[in-house]
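In what follows, chain A forms one complex with chain B and a second complex with chain C.
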Partner chain A sequence: MSKIKKPSSEELSAILFLAPIFIGFFIFILIPILFTVVLSFVDYNKVGPLNMDFVGLKNYINVFSDEQAMNGYLQSLYFSIIYVPVMLILSLLLAILINKSFYFRTATRTLIFMPYVSNVTAVAMVWSLIFDPLNGPINQLLELMGVSNPPLWFGGVNTSLISVIIVNVWINLAFQTIVFLAALQGVSKDLYESASIDGAGTWRKFISITVPSISPITFFLVITTLIGSFQNYAIVKLLTNGGPGTSSRVISLNIYEEAFTFNRYSFASAQAMLLFLVILIITLIQWKWQKKWAQN
Partner chain B sequence: MKRLTRILSLMLVGIMMTGLVAACGNNSSSNSPANSPSSSNASSSDETKEEPVTIKIFLDSAKSKNNVYLDTISEYNALGGDQVEMNVLPGDGVAAVQKMNILMGSGDSTDVVILDNPIIQKKYVEAGYLAPLNDLANNASVDLGKIYGQYLPKEDDGNSYYLRTDIGQWYVFYNKKIFDDANVPYPSGKWTWSEYIETAKKLTNADKKIYGSLMLDYDNYLYFTARQKDVPTYKEDGMSNYDDPAYKEALQFFADLGNVHKIQPSWLEFKTQRVAWDAFMTGNYGMHLIGSWYMGIITDMETYPINWKWGITQVPVPDSGDGDRTLVAGAAFGVNSKSKHKEAAFKFINYMSQNIYKKNKAIPPMENVSDADKTALLQGIVDSSNGSVTVDELNKVIFDSGLGVADEKISGPGSSVISQTVLQEGELYMVGQKSLDDAIQAIKKKSDEAIQSEEE
Partner chain C sequence: MGTKLTLKSSSMNYKKLLFSVIMLLVGILMIVPFIIMISSSFKTQAMVFESPFTTIIPETITWENYSSIFKDEYYFGWYFNSLRVVVLTIVLRGIFVTMAAYAFAKIEFRLKNVLFMVFISTMMITPDTTIVSRFLFYKNIGLTDSYWALVLPAAFDVYFIFMLRQFMMGIPKELSEAAVLDGCGHFRIYSKIIMPLIKPPLVTMVLFTFIWSWNDYANPYVFINTIKSQTLTVGLTTFQGLGGANYALQMAGATLAVIPTVVLFSFLQKYFVEGIASTGVKG
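Coming up: the complex of A and B.
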């Protein structure tokens, strides 16, 4: 029998320092995730003591026949398809802009970062006033410009989700911009100088130097923005609460309502696991795509 | 140096571990009001020895700071018997209930459970969370039937599982200044919805941004007149009765108040302009249809230092003459079936039911309330009304309106989903995104699905 090696004091210190985060991860993340998996296979769908009757895939099958749940996935997908590209393009453009030297650069950077540190409830209140379809400044301006039927923004079935996306982009643009800015500043100036000597224009330099150089960061942002967009809950809850009707009821809001308003814990858990699978599949596809792109 | 580093490392790890453990602490710790003893009594007490015990009561954040509850608990504790401590649920309203649902599901043994509305009351009875009160009452020599009479909620098994602390009726509160400015006489006695609309039209003044009426975004506003007609919410086969024409009429009626008659903010205005639940207190609304709990708001001069007088009158009734009813509900408390001190908990909820209404300026949930008690209750409201109302006026509306009563909410299988569906589909109709027939059909369909799903 081999003798177990006694850890050195340095190793012991490392273990002790890592212990809190591991214990926290275990208690607050791993156990709840595992419990969600278990819940999704049992029949705990009403107020009452925990019912652990195994029902197999019943909750998962029910998700596919539930109009509201499927609508939630579609709304989230719609949200992500618009939000992710808009966010990335705008933040990259903004990063390129503030990477240049100009007057009040520091002040501008601070201003750009302000929405990110603002209280989300206050942001929701301000945007509700701005997008007020009856007396809001935007619609008043549109009416002055001759628009006879200005949008209902948060109050319209066809505009509610788009309005939420606009606000969400406004809030989170700063974080993406700062990350892109850091990536842009990491690109060697020598490359641009060499390209200039070779006669490359601004667009060519952007496509052939900037884009490949910041691609790892771009990939990171695509993944995190996509995951974040599927998990979007607070801002939707505050701005529209999923309405009018269910027009902006994204899946994370639906999961919350199913679990805590309707007390269908197992059904909500099945929806959460399916959401996890959707995000996992999309992320894996992106990984593969990114690897292929890097090789090329 | 190495020794110092080791000591520092251990201290840092210790701090982090303490932080982790502290973060796991229960937020719903006991907040004892005055006179309550230490909680250590609870575990050492044994009810069979009839020694005083310490019991705990769930209260949401707002109620835990409300003098009505603080004083009631303090007064009960001062009697010298069992002692009561609060177990505060974070948040208010829906958020607090959600937290309590989770705690109850995990076997929490907090002795007294707050049941703010009929949906929760029904759910908790069906879930087996509440202890039947009949035996507890017998053991305490309390005749529930004699005290509470028609206001005693009974389940199909003949047992009572909770006691109400008030009878929440619906009234119309009105702003006398707006009536005076518009030269409109104050409403009084029986009146119809047509008269309400006509009155509100006279009060509405767009230039001054004054609406004649205010109603909120609760689901029951969307089926108010159907409930007044006491139209059943479920059919005999257990399915939803939402395809009854009365529900369609009720939804159209409510939508028209804002969209057609323009006497109150339309649903779109209400939602997009985020009209507050207590907007009536801004003084910009002539009349407000709301439950009796609002009496506590309108007399709270500290929070709402209003400079206008108010009045109260009974709810209008449908012109058809078949809905001479106001709607009723009531907050209640029950005994947790997991409580270790059920008898002590029962005694406390019985005490609350007979005392909270006095502080809350609410209708007593009891059968035989003496005239003296009624007058004292009304006088209490008058005293805090800043000269707005008289005992006679209040008596006519609260105890002598001549109106019958009907349940305020749809409570029964699938009620949470039905409530939300009514709001979702009703909203689509009211903002012009769906026809009335389609909205009603969708409510009926989704309600039936919810009922079936719950019964599976």
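Coming up: the complex of A and C.
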């Protein structure tokens, strides 16, 4: 084999341009990733100096027998199953509406974006007020309408998770809407016109032109919304802190609590690794499925 | 025929106006929580739950909540801490990320594509996956409880390297080749030719960085442990326990916390929407 070529002047420039990001990438991205893997295989489950005793799969096995953790995965699953379709349907609907021509479009768009850009703690505080079970505006309204037993919202075992989902949809709706809007604007107008000439109605045009045209972006949104739906630590922590009981204790919250309240760092890392694997598998299955679907 | 045409277009306008009103109502519905937030911040705690819908503008405006905030020991310290993190993150990210994006878009070197793929593939690993190891690692290198624990990791952002590289690849080669012929080095091409051309995506990056960094909860919650050094997003949560859920006071704190990003967004909306439309899809 020939000797490694000396770097050209082009490559010397590349080294200079990339040096900061390489150092940063190594310290702040690569080391934490590798360290997470290592942590999940050692027994560092209490405060004190780093304990690097290798314990194999013990942390992982413990996850499966831990009721709290398994409940966390289950709550996250419920969360995603409701959140993803609701989010995608509402954002597509909103995008279709915004795509029509109307007055004060910029003003309306600004209003719709407010939740997305606003501080998450501020938003959580105002929703706690709105959904206050005793005399919050929503329940006052429901009582006026004759509902004798209005829901407890964040305070109810059966309603806590769904209430968090409502707030989370409200926060993120604008983002998905804008992506859908860009996709809708990319659909060729000629297609609609020739379909109109053929006598196709609005619904027919939607099903046979709009849906197939925007399907690559819909697919992209399904994946990113699904992955995003597992990253709900902040909003759950702020709105319900997992309660009442463990009724909204999603897995991301469980991971933070295990690590930073109970100092079971290795156990928490194993839970995080499993969550990552779940996300990875879902993504891969969807890729495969989409490829097959695209071929047909 | 002329009358028919005007009739038709005026009924179209009428329809359009009606639809516009409906859309505006949808928009207003989205900001009802903010209306309640601002309105409650000018009320006393006792007034907050009194007919919240009919008294949007309180009969007597109370400044008490805001004066409590101004007298608060920590509030504006947190505000300053948040602003400092945001500004430093924007500056460092602006330097490091654009340099890396330039190298990946405009310089030829061995293993370029492999390295780029390695960078990009780490985007799949969500921040929650590594939160525990990041905390332990930062603690061991003495980074915790410092705003650098929030700034430095954020400065090396793979997502924006990807986004800016895509933009830079779209800039015609002829522009930089002409500069090479004139004897310009890469640094001059980067700073004099490319940077001015990528202003729109740069503004998008600055805007998103501001919003995400200002609203970040998890990182400061884990990495900062003295109340004085905390950011506003985490610090604000301590208001939740004050005076047995004093919503009026909370809403004053919340209103002030929402202002910077909302104002910034209102001015730079165009970049924000275009940023999501073009890069959100590619990302």
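In this text, the second predicted complex is superposed on the first by the 273 of 296 C-alpha atoms of A that agree within 3 Å, B and C clash if a C-alpha of one lies under 4 Å from a C-alpha of the other, contacts with A are read in each partner's own complex, and residues count from 1 in each chain.
Convention: contacts are C-beta pairs under 8 Å (C-beta built on N, C-alpha and C of every residue); 3 or more make two chains touch, one makes a residue touch a chain.
These numbers were taken from a predicted model, which means no experiment stands behind them.
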*Consider chain A as the common anchor and indicate whether chain B and chain C clash or fit when overlaid.*
clash
*For A:278, decide between first (touching chain B), second (touching chain C), both and neither.*
neither
*Which partner reaches more residues of chain A, chain B or chain C?*
C
*Counting only touches as set out at the top, which of chain B and chain C does A:13 meet: first, second, both, neither?*
both
*asked:* Which partner chains sit in contact with A:140 here, chain B, chain C, both or neither? Use first/second/both/neither.
replied: second
*Which holds for A:153: it touches chain B only (first), chain C only (second), both, or neither?*
first
*Once the shared chain is lined up, is A:86 touching chain B (first), chain C (second), both, or neither of them?*
neither
*Thinking of the overlay built on chain A, is A:131 touched by chain B (first), by chain C (second), by both, or by neither?*
first
*Now for A:24: first (chain B), second (chain C), both, or neither, which partner does it touch?*
both
*Once the shared chain is lined up, is A:245 touching chain B (first), chain C (second), both, or neither of them?*
first
*Considering only touches as defined above, state whether A:50 meets chain B (first), chain C (second), both or neither.*
both
_Applying the stated clash rule to the superposed structures, which of 61-69, 241-249 or 259-267 from chain C runs into chain B?_
241-249
*Pick out the shared contact residues on chain A: the ones touching chain B in one complex and chain C in the other.*
13, 17, 20, 24, 50, 125, 128, 132, 135, 260, 265
*What does chain A use to touch chain B in their complex?*
9, 13, 16-17, 19-20, 23-24, 27, 45-50, 125, 128, 131-135, 152-157, 242-246, 257, 260-263, 265
*asked:* Applying the document's contact rule, which stretches of chain C touch chain A when the two form their complex?
replied: 16-17, 19-20, 23-24, 26-28, 30-31, 33-34, 36-37, 40, 48-49, 51-53, 95-97, 99-100, 102-103, 107-110, 112, 119, 122, 124-137, 140, 152-153, 155-156, 158, 161, 185-187, 190, 211, 214-215, 217-218, 221-222, 232-234, 236-237, 239-240, 247, 250-251, 253-255, 257-258, 261-262, 264-266, 269, 272-273, 276-278, 280-281, 283
*Would you pull the chain B residues touching chain A in the complex into a rising list?*
6, 9-10, 12-13, 16-17, 19-20, 24, 94, 98, 101-102, 104-107, 123-124, 126-129, 268-269, 271-274, 416-417, 420, 424-425, 427-428, 431, 433-434, 453-454
_Can you tell me which positions in chain A touch chain C when the two form their complex?_
7-8, 10-11, 13-15, 17-18, 20-21, 24-25, 28-33, 35-36, 38-39, 44, 50, 94, 97-98, 100-115, 117-123, 125-130, 132, 135-137, 140-141, 170, 173, 175, 178-179, 181-183, 217, 220, 224, 227, 230-231, 233-234, 237-238, 252, 255-256, 259-260, 265, 268-269, 272-273, 275-276, 279-280, 283
